[in-house]
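Below you will find the structure I want to go over with you.
Just so it is clear, A, B and C label the chains in written order, and each chain counts residues from 1 on its own.
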């Protein structure tokens, strides 16, 4: 056997052994009771809040491996239903309540809130500043219809919590979402997370609906400005729901409950309440500290 | 027991019958050459003998073993045979690796392989080539490598397909000498395919003229001097072929009348025949003389071809006869075009078929 | 333009100082893609050999299908494997979703057609006469196959490296099956995707440079072999 073949065999052997060792070291799933699968929204993930929460939680429970998957609220709920996640963190009250009602979740536990913001180009071409959310949306639709090159709206279009809220507001403003809005020329669906959507809106200098957390985190990267930041229809409550082990097989309910407890504990709430203060000048979230959620 | 036997072997490709009715027997030590024109099926036949292909009908026996047997047995047979292909190719690697291949797959140990390879490469004049990349060899060197690859396994039967077809005369001669010495030293039986009559004659005990079928098989002398068919005669270069009607006369000679001339042959035969007389068997004189030759014909020189040492004359005696003579004789007899000459040849030199 | 240059500058800094996050992501990327390539090769090369050396009805059609699968969208493979390994899928009980193991499975499935197809192509490139030569020198069936594979050595290696290239550079499978979990299933491509969408250009560029560097090194190794 010639040298090249021997060399090749040695390399493969080293690779196989190396892979074996690396794998054995728990890369491919350690004991399952030490793993907590969390499904959350990109709105939370993109702000970076979860990184801090994960670090603190794993410090408190050193043997636990917290694994966070993010997507739109829609997909997070699906992961919960399928059992691919043990606990979900989302911000869509209607769907959350349905989730619990259908038996997939044990309990809806709100833990923080902020507001959705309607953001847009500095020069506010549709002149929505000062209006409330529904009025603003109506104005954007009207002006967009007349002048689609100047007035545009970018939607996430991804079944996320933010997306759900956006559609709700369109419908509340008196427009028929599926009829007049969805297919309008001035209406753009990105199909992406909040961060990407803000970038697109920035490129196109258009309006969009964003959670305040992500916007603040992205402020440095875009020239869009917040135009409408208050109002009942913009209230954004984040809740956590452990997945119900009675309906969904294989849920690590023990760890899930511990995480939920952690989120509403003083330690967790402090982290949430202070997050972003230093970096962005203002905290990105308002922690509930046991108070009932605002309505 | 015969080393090799073929019974009624035939092979068809693409609806064309390449080989038909092949029958032959070969004893150990008996070297055979297949000679024939291009497309006569030489390569196909050699491939059949090496069990690279199966005959469509007929049987092949190697050392008494029927070739139509298990893959394992076939492999065992092939290991007793070595074949050098017409266009030799090399494995990727060095000359050493190529040469050692046969021994390696037979599981021989390294020392033995080293010994055999070194010895064989030396015999073939590839002594210092061990580490050379085999694909960098010249045509002649590659052919020698192909031979080395086969010789090193000491086969009982060696099959060579046009071993010198792509070589210059010097390399050809080298290889011919090598083959000759190998047969002698290692007692290998050789089957060779060639279109070179002289090469075939030099290296074999038996010659088979092949053209889809075996037209004739026998010793070189039989084939060259006593061709059995017109095709064979044509092919082996029997010139002076004539057709005519033969009649056995009194005094046991056969008279052949071509319509233009009459000649006498010692072969007893009658009816429509072909006859051939080798140019070397014909004598010339400028004046009629008494000789023991039965055939005496007069004619004129139609053509002269000077080939250096020999002169090739074509003489019209009613049929055109080709005659050879030395240049010296040519000058001595003062022969030129149109000159009237007498030609003589014995009745026994007239080969009838 | 400035942004890119600034990004490159920061990227070089991150690489040179062996930023722990970069090292972690790179190691994981190599682990996943090399494993997938190894497993896929061990399965695919023999399959390719089998298809090449045997004749059977529908061989041409099979090869056509394999070649079509070269361009199968990575997200489609990701989706199919996802359905199999999610908790509700057939293999749900193995907890493979959102783990590197699941990603390895996905990438293996993704690159198998490539390695099979190019193995067949590599073997076809070996002159038919080599087969005759080997047999006439007395090689058994197995020895002949081995000899032909040796003759096709470099083309076979190229097939495997092509598979590796596709595995390490794809996003669809890694994203769908891995979930891009920080510290667990993030690889170079999914991180580039995430960080770009967050506007962190420097990190993305750094990872991009590393990915290219890996590809370059592998190619240099292959070239070295081929020159011999």
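Miscellaneous remarks
Throughout what follows, a residue touches a chain if its C-beta (ideal position, glycine included) is under 8 Å from a C-beta of that chain, and two chains touch if they have at least 3 such contacts.
The structure displayed is predicted, hence computed values, not measured ones.
With centres computed from Cα atoms alone, the innermost chain of the structure is C. Compared with chain B, the chain whose C-alpha mean position is the greatest distance off is A. Distance between chain centres (mean CA atoms), chain B to chain C: 58 Å.
With centres taken as mean Cα positions, chain C sits 32 Å from chain A. Centre to centre, using the average C-alpha position, chain A and chain B are separated by 89 Å.
Residue positions of chain B touching 2 or more other chains: there are none.
In the complex of the two chains, the chain B residues touching chain C come out as 47, 50, 52, 71-72, 75, 78-79, 81-83, 85, 87, 89, 91-92, 101-102, 105-106, 149-150, 153.
Listing the residues of chain A that touch chain C in their complex gives 4, 12, 15-16, 19, 22-23, 27-29, 32, 37, 46, 51, 54, 65, 67-70, 82-84, 192-193, 195-196, 199, 217-218, 220-221, 248-250. Residue ranges of chain C in contact with chain B, taken from their complex: 127, 129-130, 132-141, 143, 147, 150-151, 153.
Of all residues in chain C, only 28, 31, 34-35, 38, 86-88, 92-93, 95-101, 179-182, 184-185, 197-199, 225, 228 touch chain A in the complex they form.
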